[in-house]
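Quick heads-up: structures coming right below.
Each of the next two complexes has chain A plus one more chain, namely chain B in the first and chain C in the second.
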Partner chain A sequence: MQVAFRRSRRWAGFTAFLFLLPSLLLILIFQIYPFIKGVEYAFRDIELVRPTEGEFVGLRNFIIVLRSTTPRFWTVVFNSMVFTAGSIAGQIGLGLFFAILLHQRWVKGRNVFRSIFLIPWVIAGVIVGYTWRFVYDPRAGLLNRFLIALGIMPTPWLISPRTVMIAAIVTNIWRGVGFDLLVQLAGLQSIDLDLLDAAAVDGASGTQLIYYIVLPLLKPFLLISLIVDTIATLNLFDLIFILTGGGPMYRTEVMSLYMYHLAFDQGYLGRGSAVSVILLLITLGLVMLYIFLFEEEAARV
Partner chain B sequence: MFSNRPSRTLRIFTYTILILWAFFCLAPLYWIFSTAFKPPAEAEAYPPTFIPRSITLENFVYIFTKSRNFGVMPFLNSFIYASGTALLTVGICSLSGYALSRYRFPGRRWIGVAMFFLNMLPALSKLIALYIMYSRLGLYDTRIGLILLYTAGQVAFGTWVMKGYFDSIPLDLEEAARVDGASPWQCLLYVTLPLSLPGMGAVAVNAFSSGWDEFMLALTLTQSKELRPYTVALSALVGEYGRVAWHHVSAAGVVSLLPIVLLFVIFQRAFVAGLSAGGTK
Partner chain C sequence: MASVTYEHVTKRFGKVVAVNDLNIHIEDKEFLVFVGPSGCGKTTTLRLLAGLEEVTEGKIYIGDRLVNDVPPKDRDIAMVFQSYALYPHMNVYDNMAFGLKLRKVPKHEIDRRVKEAARILGIEDLLDRKPRELSGGQRQRVAVGRAIVREPKVFLMDEPLSNLDAKLRVQTRAELIKLHQRLQTTFIYVTHDQMEAMTMGTRIAVLKDGVLQQVDTPQKLYNEPANIFVAGFIGSPSMNFFEATIVEEDGKLLVDTGTFRVLIPEAKKEKALPYKGKKVIFGIRPEHIHAPPYVPPGISAAHIKAEVDVKELMGNEIFLYLLSGKNRFIARVDPRVAARPGDVVEMVIDMDNMHLFDAQTEKAILH
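Showing the complex of A and B:
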């Protein structure tokens, strides 16, 4: 060790361990233990009214959840997939688009625009939820007020089953673009501009530059965006709990809300745990799929 | 393409898009800000006005003094959770960051990576087990229960940032102190920590804002009105008269944004420094 405390290796290790102890204890008690217990409870019959260690029931919780009818489990999974795919496509697409615009050296006020674009991302999910519920309010909302001013028919955005999912996705995109903008800007800053200038001198057009040089170089950063956004969106709770609460008619009942309703409204803690295990498996599966696809791509090039 | 000025039409197109998106980012916030200052009669009138005809603080007075379900407590509770989390996180992460930066021991790299990946596990998948665990340990419906949980969620990020910051401080200073007979603890406390204030600021700001904004755990793990943070208590304001009094919700929303705005204005440099040091989030 090339450090200050050279005297005794064992003593140094002990001191380091002492310094690490509070952090390790917190992680062990409040992260690792509840995580393992959460998986275990998925296989136990445990309810809110009697939160004792329930008896081991094997896969029964999973079977009950998969067979449930109001709402049907696959409807909930489908909602989660639509919400996640829509949110992520919008967030990464727009984040990348605005990152490219804000990386142009001739654009004036780039820092001001970047700060404004980051604001929605800094706001608490709960406040985003209430703010947009207000914006979508049929009577008092900004959106319908705006549509009236333009002479377009107002719509009850969050009450109509046809528009509620779109409304929720738009809200989540509004909130999340800032993060992907930051990640992609970091990616663009890592690209050598001389390389692009040289290609431009050789006659490459703007779209060619983006498609053949910028995007391939951004791949690691796109992968980061994709992974972080997938985990965050599949497990999103506060924003959509406040905005729609899963309604109307389970149209926006995503897996996180379904788990919460099952566990804490209906009191089936075991079945709720089963849902959260399934959600975790889906999340892990998607993340591994992304990594596999990106590596496959990299191997082919 | 990033260096040269493109054609006039492309420039106009770019600025138009940027201004439209800035407008889209700000419009919903303008809506709650303007409504928060509208008198109740104007706020409830149909159709709503784009620009308030008159401005009043009535809604703020209402949520703090007159409302039976809201008052000052929710914001005070949030402040306690957020500042408690910030203090505890800075203390604990200074220690662990120091250990990872200054000592070589088996598993050193492994610990940092493990912390990082454990933190990627969503809080949602621990929620039910935490509820049961808290009921049994007597941590359910307590302040310390929430603060410990929020701190645990910040440990990975905080340790990472502090380690990064300590790495940037030269060892010579500590070695000089060691020669003069200082213990490792004294080295950290009197030599290294005072030099690490920007790193600590970044960790504190991040921990504070996460505690201030948190909803799901507070909703599930607290019950009594006296302990609920504003994020949970807002629902009481919404349901007070059957239909939503948006001017009250807006006023509370505006108040909730103030500490975050203040933090970012005051600590912007520390925040950016910490982010570039930690390189995450």
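Showing the complex of A and C:
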């Protein structure tokens, strides 16, 4: 009886494995293998014109990348940081703002608004990029025509080095804010309304309510937003590739674009891979930092 | 410390009327209990006073101050919620200190008040804990503590005991009564449990469907219920009701239920007279139906016959479920009564404690 039971257990495990096998194979072939290959390329002198050759060169690719001057590697890292920080601040800030607004009792059609906010998020980045190029167009663009109508000097948003980063960040915020709205709204809905009533009776004004009660309770949701936004923005390629292509004068050359330019414009696959490995390390570092900070905070309060 | 007055207060949610033209004056230092079945508007009544809901019509005063447009934070009230609503991210100390911090009370004063409240409630050892690390009873104490430290004009409590187990509930009930005596502040308490209402309130307001049925002391509510609803709601087991007619025989008035006739005592005759020949509801509490030979002396006894359907032994008393024709009723009798299910027994109704209600309006005719 017991033997039969055990055998059937083992059999069940094997069946489960069979069911998992196709997915595991797909993951192995299309995710694990390319990832390992990518890391491996970073340590080989491999070029696009002869992708099957390329000897092991240790850290040389990394050193070349770090020492590069056009553009300087640190400029690229700096651009990535500014783009990411600006995007995240805007997305989470606005997402939270709209979430609080939509969460108000008097708001009707909450789901409709939520869907509308989500539309830009589900549109392909390429399309967003093209759309906003029209918006920013110096002559025919929506933005400048609007400014002219208001009597304000128009600006060549994507051409001027002073404004291009802001323009890129605004576009990315527009695209991503729906996701943060969704997460924060879910967070708000998870807060027991009695807590807000209790705080109101305790003497909290509207802003105090948000600061002392809502934000601390939203922390887990803010952490999710922060992590997902960071990963998405640091690795963002399509939108900014179409919108600015990294220009003008490398002002919006972020790491993902730099990697692409190195690997596929200049043909240095190895160096491009080195950049992507660095990008991965930065992303991992940031995410770990967030979790560390938030847990510290949670333990202290 | 302050009185509270509801003046023609109505609250509608869309088309639903939650509170309907409520008029009540609650004295300073009173322990008033709002009681009623769920959905009767008692919690809404409390939330209106707290400022968590807006009054649709009417006026609410705390002391002499009209508070209709005063936000909750400026009403100087403290509230204990059914869910306790402790801030999960703050420890017990901060939960209790929160309201004082917002009011910019000096630190040493906050510390004094929190520790004093913690001492009264016996939660001094828990001050560093988070709410999730507390038991239900401990959370309840913290919620009360958070209200105490505020030293408010009025305490509001919304079913604060309903999440406790039966034993703890009885114990905490006594503690809240003691707390009221100690603090000498107005308490307004909401519950669906008539037992809680009877034991705690100096006065009880019975609500049904948003309409105030009666406000009175527990004893008066029990002895002289204003209508059938109050009569049935207060007391456990509930009062027995019989559809009946008033008939006259040999110059005496009788209640005729169809299966038995009982004599209305002389003292009560006058009020019953106008209802002669009319349909009424006859009410008698289970504790006023006795089984011979255990009948107290000096009552206006009316004898009826009934069949025992079910017998519930409570130890100190017995509940007899009785049948008399189409009428079913309960008697709360002496534990020595030997009657068994199926027996036809003679029961004695104490007519001095009878109630009569108008069958149409359901209002009390006499007690």
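The rule is simple: the second predicted complex is superposed on the first by the 292 of 301 C-alpha atoms of A that agree within 3 Å, B and C clash if a C-alpha of one lies under 4 Å from a C-alpha of the other, contacts with A are read in each partner's own complex, and residues count from 1 in each chain.
Here is the rule we use: a contact is a pair of C-beta atoms (placed from the backbone, for glycine too) under 8 Å apart; a residue touches a chain by one contact, two chains touch by 3 or more.
Here the structure is a predicted model, which means the values were calculated and not measured.
Visitor: So, on chain A, is it clash or fit between chain B and chain C?
Guide: fit
Visitor: Which chain, chain B or chain C, is in touch with more residues of chain A?
Guide: Looking at chain A, the partner in contact with more of its residues is B.
Visitor: Check the residue A:59 against both partner chains and state whether it touches chain B (first), chain C (second), both, or neither.
Guide: Touch status of A:59: no partner.
Visitor: Between chain B (first) and chain C (second), which, if any, makes contact with A:291: first, second, both or neither?
Guide: In the superposed model, A:291 contacts neither chain B nor chain C.
Visitor: Please indicate which partner A:140 is in contact with in the superposed arrangement: first for chain B, second for chain C, both, or neither.
Guide: first
Visitor: Looking at the overlay, does A:104 come into contact with chain B only (first), chain C only (second), both, or neither?
Guide: Touch partner of A:104: chain B, not chain C.
Visitor: Kindly classify A:201 by the partners it touches after superposition: chain B alone (first), chain C alone (second), both, or neither?
Guide: A:201 sits against chain C, while chain B stays out of touch.
Visitor: What is the minimum C-alpha distance, in Å, between chain B and chain C after the two complexes are superposed on chain A?
Guide: Between chain B and chain C, the shortest C-alpha distance works out to 6 Å.
Visitor: If I apply the document's touch criterion, which positions on chain A are contacted by chain B in one structure and by chain C in the other?
Guide: On chain A, the overlap between the chain B and chain C contacts is residues 197, 200.
Visitor: For chain B, which residues are in contact with chain A within the complex?
Guide: Its residues touching chain A are 1-6, 11, 14-15, 17-18, 21-22, 24-29, 31-32, 35, 43-44, 46-48, 50, 91-93, 95-96, 98-100, 102-106, 111, 115, 118-133, 135-136, 148-149, 151-153, 155-156, 159, 171, 174-175, 178, 184, 187, 209, 212-213, 215-216, 220, 231, 234-235, 238, 244, 246, 249-250, 253, 256-257, 260, 264.
Visitor: Write out the stretch or stretches of chain A touching chain C in their complex.
Guide: Contacts found on chain A: 192, 194-195, 197-205, 208, 212-213, 216-217, 219, 301.
Visitor: Show which residues of chain A lie in contact with chain B when the two form their complex.
Guide: 1, 3-5, 12-13, 15-17, 19-20, 22-24, 26-27, 29-38, 40-41, 46, 51, 94, 98, 101-107, 113, 116-117, 119-120, 122-127, 130-135, 137, 139-142, 145, 148, 174, 188, 193, 196-197, 200, 206, 209-210, 231, 234-235, 237-238, 241-242, 256, 259-260, 263-264, 269, 272-273, 276-277, 279-280, 283
Visitor: Would you tell me which residues of chain C are touching chain A in their complex?
Guide: Per the stated touch rule, the residues are 47, 50-52, 71-73, 75, 77-79, 81-83, 85, 87-90, 98-99, 102-103, 146, 150, 156.
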